[in-house]
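Once you scroll down, you'll see the structures, which are given as structure tokens.
Across the two complexes that follow, chain A remains constant while its partner is chain B and subsequently chain C.
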Partner chain A sequence: MSRSPTLRDAALAEMAAITARHPQHFRALPPTRVKAGALALAAIMLLTIGLWRLDFAPSRLIDGVGQLIHFLGLMLPPAPGTWSRTLLIFQGLAETLAIAFLGTLGAAIIAFPLGFLAARNTSISRVVHFLSRRVLDGVRGIDSLIWALIWVSVVGLGPFAGVLAILTSDIGTFGKLFSEAIEAADRKPVEGVTASGGGKLHGIRFGVLPAVLPVMAGHVLYMLESNTRSSTIIGIVGAGGIGLMLSEMIRMLEWDVVSFIVLLILAAVGVIDVISGRLRAALAGRR
Partner chain B sequence: MATALARLPDDRLAELLHGYHAAARAPRRRALILAFSIAALSLLAARVAELDLPRLWEHSGAFFGYFDRITTLESGAGRVWTDPAEWFWGWRKWGLLLLDTLLIAYVGTALGTLGGFLLSFCTASNLATNRWLRGTARRFLELCRTVPDIVFALIFVIAFGLGPVPGVLAIAIHSMGTLGKLFSEVAENIDMKPVEGASAAGASWLAMLRFAVLPQVLPNYASYTLLRFEINVRQASVLGFVGAGGIGQDLIEAIRKFYYNDVAAILLLIILTVMLIDLGTERLRHRLIGAMESRA
Partner chain C sequence: MLIVEGLTRRFGDRIAVDDICLEVPRGSFVGVIGRSGAGKSTLLRMINRLSDPTAGRILWNGRDVTALRGRELREWRARCAMVFQQFNLSGRLDVLTNVLVGRLSQVPARRSLLRLWSAEDRAIALSALERFDIAELAPQRAEHLSGGQQQRVAIARALVQEPDIILADEPIASLDPRNTRIVMDALARINRDFGITVLCNLHALDIARSYCDRLVGLSAGRLVFDGPPDALDAAAARELYGPEADEVVDAAPCAPVALPFAVSA
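Then we have the complex of A and B:
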């Protein structure tokens, strides 16, 4: 089967000349590729060391996966079991939602003035600005689960500790987000207020606040979504909500209840996401 | 230079003020309604969550007292930072545990990235042509990212036994869920011209991915992976709470057994590690973004 000479054949015929003309494209190993290869090699080596150090034995993995498949079989169909337990589960879910709501609201209220202190353009002095930034960073560095543990040892077991945990861990996040929103606000309205004789507080009230309030509300709604997720799990350390029930059921190997609770959590998170997404879209539209 | 500003006559001013009030009334009423509904919701939530302000008031001293207590030496001889050797008596053990925590985060992120990388090409609507495959992969990723990783860890601890293995797997699965979604969004936003070019030149699906898609998505993928690593370091430090390895196990033990100084030490170590990792990955990400822009 003969065919007309293609571009490829022509190029192959001239291979030597082309190679001589563009040596940089025909080098066996360009330096960028050597670098990328070394990087990949280092990453893989670290991965291997990690797998070895963290006891990843193949036999253990195979056993575990077998167990998991067994559990998965037991998870179907999802069922809450007795009526009293169903009631408990829904109570836990209500607690979870309450924790998320109160924690987010409380954190937003407390972080609101802190945001102004931590923003460069509205802070009292540079020292206050710097210190409040560092405090907020430190608070944010501790996970909400750790805060939950600390609050449980202060106010005792129960959802109250959960509210406080979500609240404290969010103060850091909100403070940072709020101060960034304030710093990004347009300076001109403030100048206008000052020019017409307003003081610094007037400037904040009529110049900054109208611009940043919708942004802040958006952040609060977004954090409400994220807190609904985190408040489902803080029950694991005894801080109220559905997490307590979930971890108990996992430890008691009641797999059908476990899958029921997980599905319930997914549904609740989905509903909150949709509601807050709608509200955020409405906010963005009005701005 | 005190020049007298022309002040409007009072009747004109009253008119202006009236106009302002009229304009401000509707938003003000809306804000009031909003405030009332939020207050009603919080009252309801407070009942459900057994909120007890008197108790908080009673214990608010205890909260600051707790931080006072964890920073006071067990012997009662001043603050912990006056005697670092006594405070960080277990630094050798904690250092190793911290390294383990970082390794858990690294291995979990690496495995999760691998999974998300492979699945992202199956879920991107412009690259995957099979609708069934795409739908299944999407649902799977959704499940992986909506279930919190600590729940995975709880289940895996029972299946695989105590230790870092369940922690790594929990982090890997959760990261796969989030990264798979982010990656596929990146892949859906690529320039399709190189893809068409590769297909027109007769490239197979894999060759098309390698030469047309990969060069476009790689910098973004790397940036998201670094961000995920940062989050996973935080997660890995608490996975020990449920027995899935890392420094969390020692922290929960110290808190539950009231080893106050150890709590302070471990908390400080965790905060410092998280801050260091944040700084490091931020640098790397900025370099990546810079490299991306200089090439573009």
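Then we have the complex of A and C:
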């Protein structure tokens, strides 16, 4: 059977001519590759310097593994100890979940309008846009643990300080995430609303909001998961929840209680993970 | 020779493609026509195995390709290149790399994943781009190109696969009349110069008539017409397109059309 000439034959027959016509595609070391190589080299050097400066010692890590195995042995089997302590642990867990829930929800409500002010396309003016951006950056720059320490000294020990800590640090995070979702929203629906005689608020309400609301809800659900974890930590500095109990048990070397609490937290986070995953899938499907 | 035997595809209780039998000799330019939703896309996607048939077989030179898996399936896909309505290029990659994607089945993964294309592969890709007068766009990002240019890049990608068949799924549906000509001419040239079989889904009958040497008509998933373009008379077109027939047959876009209020889709 006679085959037609293939593209390969044709290309190879005039390979020299093609190379001559497009020399930039046949360079041994294209500029982009040189740039990428230099960047990779710089990153490796930075990493090496960092490891050296921070006394990175693999031998210490290997020695520590023995200690870790010893503790793991003490952790088995996980046990809460007395009944009264079990009750306290579950109360602490409930408090932690409540802190995470209230903190996340409060932060989302406050960050909702801020997100629109901080988004370029929906802000009132460039000054407002700039200022709200910087305020959000500042709030976000401080970790929730630091906020917990600040709020504990303002309103005293307890879960109230914990809620405030989660709320303040998350306003920054939500404000940033929301404003980015708004900026990434398609402009065409807004143009459609504007062309029909709608004002700026109409454009936001009917053009932007329907597109970004599911995205925002997804962010809130994700942060709820993440805050369940971080609100255990802020408990350690006295802002309520199961963290206080956890740090006490570590200090008292009651390793079986520690492992019980850790497993409980894992289970709680897992349950919230599953629920919010379902909710997010449902939200995405409804679009 | 491509042979399709009793090919059927169900989505739930809806039948998208219903018991289609087809023989396509090497080198032919076949237009698959019919209304939207008639099963044209599903048919082409099943031949490329992007979607799997519920029943029936696809044979290439006597070999059953419906059961291929893994490496063999990838080789088959390279042999029956696909061209999409929405071009399906990687928008942030440059044009040359998009075309070189067509060489993937020939290049070992350790080279292709690092984008270490041989000079030979680059020459093949540039030669394909030169054929469609877009070699100077090679370093640009694909997303910055016009629709007609993007579709030519997609055809170049298909061509460097050195395929036996090109499956074009509504390649001109997103293009203006001028680019429609350019893209259809590109497909016709591939067919003529390299003897590559072209199976092209088309909605517009006038385009199908002027480019294809054989038309296959689908309606509600069934094969209702198979023959040369001249054999498709007004009655056959009416059966294929139903109430849309008048628009599709005499496509005269400039003539004012009295719009009925309810067009049954």
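Throughout what follows, the second predicted complex is superposed on the first by the 217 of 287 C-alpha atoms of A that agree within 3 Å, B and C clash if a C-alpha of one lies under 4 Å from a C-alpha of the other, contacts with A are read in each partner's own complex, and residues count from 1 in each chain.
Simple rule for what comes next: a contact is a pair of C-beta atoms (placed from the backbone, for glycine too) under 8 Å apart; a residue touches a chain by one contact, two chains touch by 3 or more.
Being a predicted model, the structure only gives us computed values, none of them experimental.
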item	value
Which superposed partner A:L209 touches (first chain B, second chain C, both, neither)	neither
First, second, both or neither for A:A79, with chain B first and chain C second	neither
First (chain B), second (chain C), both or neither touched by A:D137	first
Partner contacting more residues of chain A (chain B vs chain C)	B
Partner chain(s) touched by A:T6 [first = chain B, second = chain C, both, neither]	second
Common interface positions of chain A, toward chain B and toward chain C	none
Touching residues (chain side chain B, partner chain A) in the complex	38, 41-42, 44-46, 48-52, 55-56, 59, 62-63, 66, 100, 103-104, 106-107, 110, 143, 146-148, 150-151, 154-156, 158-161, 163-165, 168, 234-235, 237-238, 241-242, 245, 251-252, 255, 258, 267, 270-271, 274-275
Sites on chain A touched by chain B in the complex	43, 46-47, 49-51, 53-56, 60-61, 63-65, 67-68, 71, 94-95, 97-99, 101-102, 105, 137-138, 141-143, 145-146, 149-151, 153-155, 158-160, 162-164, 229-230, 232-233, 236-237, 240, 246-247, 250-251, 253, 258, 262, 265-266, 269
Chain C to chain A touching residues, read off their complex	27, 96, 119-120, 122-124, 126-128, 130, 135, 138-139, 159-160, 162, 193-196
Complex contact set, residues of chain A against chain C	3-8, 10-12, 14-15, 18-19, 21-22, 24-26
